[in-house]
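As written, the chain order gives the labels A, B, C and D, with residue 1 at the start of each chain.
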Amino acid sequence: MRSESRFPVRYAETDQMGVVHHAAYVPWLEQGRVDWLARLGVNYAELERAGIFFPVTDLQLAYRRALRFGNDVRVETRLVRLASRKLTFAYRVYAAGDDRPAALARSVHVAQDAQGRIRRLPSSLYETLLAALEADT
Amino acid sequence: MRSESRFPVRYAETDQMGVVHHAAYVPWLEQGRVDWLARLGVNYAELERAGIFFPVTDLQLAYRRALRFGNDVRVETRLVRLASRKLTFAYRVYAAGDDRPAALARSVHVAQDAQGRIRRLPSSLYETLLAALEADT
Amino acid sequence: MRSESRFPVRYAETDQMGVVHHAAYVPWLEQGRVDWLARLGVNYAELERAGIFFPVTDLQLAYRRALRFGNDVRVETRLVRLASRKLTFAYRVYAAGDDRPAALARSVHVAQDAQGRIRRLPSSLYETLLAALEADT
Amino acid sequence: MRSESRFPVRYAETDQMGVVHHAAYVPWLEQGRVDWLARLGVNYAELERAGIFFPVTDLQLAYRRALRFGNDVRVETRLVRLASRKLTFAYRVYAAGDDRPAALARSVHVAQDAQGRIRRLPSSLYETLLAALEADT
């Protein structure tokens, strides 16, 4: 399963090079996975209230073409790996109307409880995620 | 009492106008009041662990001259009003080496507990703040 | 004329108090005025390419109720004052579904050229803005 | 050659998990390389004025231990690869007083001119960087 997130570049996200600053993409990816989970019927705010957190342990970004103020951003998000305590998402970031990716990214997450201890994903959530992972292939 | 905070402009804080984006000043003011409290011997992280929070209720900024990447920023912070449940800080932001303020600001805070209820400042903290307020005049 | 901007709270916009950090509102207001201008048929990215910039000279925010991750934000934007070289916008920020404002704000802007010199608004733009200002009353 | 950058965690950099948000590290790394260049006598603001830009093309971060408000951050920066048009920096991020890294990172940069065209590093700058790279081994 693949989700799409869309939003305009914010002026505050540009830098003096006249393009979007590379740090601005990181919250976009986060929005991408929140929307991906939402499309699956999983509300991340509720997950946290239930004591399940997905902190980022690894993040990789490859920047291919600059984005600018005036662009609408489109983030495509997919789950690409799933283990009992670990998830990996992959992302493609585009300027709307351009089918060449502006950036490719990947993030790895562990499942934690509110005390920061690594924990297994609840089995119902694991099954839901697994079905979505397989729907992708 | 007046405190000074110093740090370089971060590249990420610039925008495509080639100057520091106006939103970037807001965390600087926050650092200013954290440093002001620290100078008084009050650790804001510990205050929060003790259940005392100072959320911002009002914020005013007047931008006078642009700041740029390459500038070192100097923030002067003072407490200017104190009530049993409320504090007002005033700030002057400078580019180091220029005595004309780049920005003037003011923030109002209420004292809250961890549940978000307005509360009185503990009397020892109130007395400490009052002494610092008066040392300023 | 009044415009509405809508977007979800980003996780990155929260802080350890568990609510949206007060600095996060500032780019939202900026998005509000970009959307307000767009509704009027004015593209801010194109304005800048034509050498017209609207830097913020004054900013005021009053925070009334906390916003949280999971909230959708709605920003209402209006132009409230217009002079030959100066514009003032007013904003109301809401959590979607709650008609009590979470924050009220106001920003003042001067018209500048690319070299940072204050300039008059081009007369056609001034007339367009004036019509929108009057449509508001 | 290795440089060190030090600064306090900003409250605005925390998120509702109670720790520093993973996006906040990205401007820290940028500050790390600005400081590394400064230690070498190279002013990044001046480089840009001379038409030399180092946009990020690849970024990798591994998060090992959470950082918190109240921590002082220490970023160690080194140049680890150098080619005629390309640089790679490596970073270690620590909470001051803890010798276990909180995060490890790496960024790749191409040299560009003001029009965004890839260009060779000027030979004097290349030699300076090469000397610093070799001083590291």
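Basically, contacts are C-beta pairs under 8 Å (C-beta built on N, C-alpha and C of every residue); 3 or more make two chains touch, one makes a residue touch a chain.
It should be emphasised that the depicted structure is a prediction, and the values quoted were computed from it without experimental measurement.
Looking at B-C and A-B side by side, the one with more C-beta contacts is B-C.
Rounded to the nearest 5, the angle that brings the Cα atoms of chain C onto chain D is 180°.
By the residue-number overlap criterion, the interface of chain A with chain D counts as same, with over half of its numbers used by both chains. When each chain is reduced to the average of its Cα atoms, D sits farthest from chain C. Separating the CA-averaged centres of chain A and chain B is a span of 34 Å.
The distance from the centre of chain B to the centre of chain C, with each centre set as the mean of the Cα atoms, comes to 24 Å. Counting only residues that touch two or more partner chains, chain D has 11-12, 16-17, 19, 23, 26-27, 30, 69. Here chain C touches chain A in the complex through residues 7-8, 10-13, 26-27, 30-31, 34, 43-46, 68-70, going by the rule given at the top. On the side of chain B, the complex with chain C involves touching residues 16-17, 19, 22-23, 26-27, 30, 48, 53, 55-63, 66, 116. By the touch rule above, chain C contacts chain D in their complex via residues 11-12, 14-19, 21, 23, 69.
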